[in-house]
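Before any comments, here is the structure.
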């Protein structure tokens, strides 16, 4: 089965991103294909490399990065949502005159078309949100 | 009247931060003192200088910065919430080994004690959240 | 497998209090480029998204009501509204905006693609959809 | 004006689904350094925060139930639970943790400062508070 | 002694307004903001609850939030006072404390 | 044709479970996750609704979320099937589509 996963909330505030992670991991471990994980709304905040969660808590960003490295996952942050919320890669920094970036490795910023495409190409779209 | 304002949500996703801004501005324009605006939970995301909202939309971060410049407002981001969500100033970058900062001018990162102190020192605490 | 799928966008939240209504609309607009069969379903507080007369001039927020009116031009075929949700809120379809639709090739026109539906129809319409986007 | 105020922390949300319960608890812990008169009120899904037996070993989340048990040591004098909220959820105080309190100076001890209160008491307790923190 | 209770949730979405009414003292003021202003609308399933509360409590709603949500004056329950942000500030000052029902 | 409906809200906080039950076809599966698992608890004001739904729909709840919320096996409504994330994936595969009630 080919899956698309949509994540609507940021890390820690809502459990939605935890659920999305555990679901995606379970699907990959069962041998399913995850076509793309699309981060929308506050979900784009999953893609910052600047978090420092407490030592005794999970590291939500790093978990995504490690999963992406292991399975070559496509982690896409919606560009419009990222701009509103301050998620920046090199290209965005240049286009919008920002003096820093904060995107984590393995994440990329792209348009909403990537969500539509994922929904079309995949057998199932699974949405996690508040 | 001396006011403390608490903001629990990030910009754009929830209207809470808009309400907090308009309320704070109205209080200042009426001549009241705002002892502190304390940003907790996702509220810390109000303090990033990396947002680029659409041209035809409000710039939530800049509005806070301008209000703080005009009235010498104390805008405090909770440090624990900021660490979980990737809000970083120079001190935090150094302590946690981050290679970039994203805090906006006029915001500072400090502990939860600043919220308690604000509640004790002020005549009213007004909370905005989801 | 055909590349034309039946998309349903499910809107259950009020506008302005949260951004979901607006960002959901942005997906619909972008999605138009992909030529799917698209309908929108409004229920619970989502029905408030279509109420006529929104004025954000004192809110410093973007008024996106006019954007709904253009949805017919973006390939959206149906805006369904759950009747029971309207009734609980003291609303009728007269309170809602109208959205026109025209097929530029066949010149087929529909004056208003906003339609109130009862629970059985909602069940049926959802079941027939192939992808549901929830916000 | 005295610097000792009556603080009430109002908890109306379930644990784990959102972070509010946990970050609210963090305020209470830090607030202990300020020597105020502190009580916590649990109502609606907030009563679930105190239910015994939480096990997060398969959730990869921190279990903060044990932290509630230490609140007596942090100067919290009362944990009030709305009775009607418990009843709607099929719970009784037997399902909740117990929190002990001791005054280290006077050696006064209370076995359990968790107390179920009815609506009239809730109204009274809230009205008497000088600062209410809502999460 | 009187308090200001703020409610920012739609009464159809969450019980915040119901709780604010249930747990506020007689003489309290309740201010509807954000999606909370739907509680000020005539003819809804929440109207009876709001009217009942106005027996011993004052009900307010924020103008800019009513306008954004297309709730015109003639659809507002009689007795609900419409205020702007300056009025919000005055209510905060006039009451002993503010309690948010989120 | 059968669908999987996911519900992540407490039935005491929001009407998501009620809506999922009302608008899902007979033969559908409903999976309770996150705060949604409170809907699987015995003895609550939501129990009758859930039991009623099980007449023609299958009800599931996610194990790790039940455990975190201290909902032990003996407090789960009979007929609700407890699944782990692997079971969640299987449910997604076994149904034609997934619909989230947020």
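Should a chain be cited, it is by its letter among A, B, C, D, E and F, assigned in written order, with residues numbered from 1 in that chain.
We take it that a contact is a pair of C-beta atoms (placed from the backbone, for glycine too) under 8 Å apart; a residue touches a chain by one contact, two chains touch by 3 or more.
All figures in this text were calculated on a predicted structure; none of them were measured in a lab.
**Student:** Of all the other chains, whose mean CA position lies farthest from chain F?
**Tutor:** B
**Student:** By number of C-beta pairs in contact, which two chains lead?
**Tutor:** So the pair of chains linked by the most contacts is A-B.
**Student:** Centroid from C-alpha atoms only, then distance chain B to chain E, rounded to Å. What do you get?
**Tutor:** A distance of 26 Å separates the two centres.
**Student:** Nearest whole angstrom, what separates the Cα centre of chain A from the Cα centre of chain C?
**Tutor:** Those two chain centres are 27 Å apart.
**Student:** Could you put a whole-Å number on the gap between the CA centroids of chain E and chain F?
**Tutor:** 34
**Student:** For chain D, give me the residues that contact two or more of the other chains.
**Tutor:** 16-19, 44, 59, 61, 131-132, 134-135
**Student:** Please output the residue numbers of chain A that touch at least 2 other chains, ranges allowed.
**Tutor:** 8, 12-13, 15, 22, 41, 54, 57, 80, 125, 127, 129-130
**Student:** Quick check: what residues of chain F touch more than one other chain, meaning two or more?
**Tutor:** Residues 8, 13, 15, 34-35, 64, 84, 97-98, 100, 102 of chain F touch two or more partner chains.
**Student:** So how do the chains connect up here, line, ring, star, complete, or something else (other)?
**Tutor:** other
**Student:** Judged by the touch rule stated earlier, which pairs of chains are there in contact?
**Tutor:** In this structure, the chains touch in these pairs: A-B, A-C, A-D, A-F, B-C, B-D, B-E, C-E, C-F, D-E, D-F, E-F.
**Student:** Over in the complex, which chain E residues touch chain F? Could you list them?
**Tutor:** 13-15
**Student:** Applying the document's contact rule, which stretches of chain A touch chain C when the two form their complex?
**Tutor:** 6, 8, 40-41, 80-81, 111-113, 115-117, 119-120, 125, 127, 129
**Student:** Note which residues of chain E are touching chain B in the complex, please.
**Tutor:** So the residues of chain E touching chain B come out as 6, 8, 33-35, 64, 84-86, 88-89, 92-93, 97-98, 100, 102.
**Student:** Hey, which residues of chain D end up touching chain E in the complex?
**Tutor:** 10, 12, 43-44, 119, 122-123, 126-127, 129-132, 134-135
**Student:** Flag every residue of chain D that touches chain F in the complex, lowest number first.
**Tutor:** It comes out as residues 13-18, 44-45, 48, 51-59, 61, 63, 65, 88-90.
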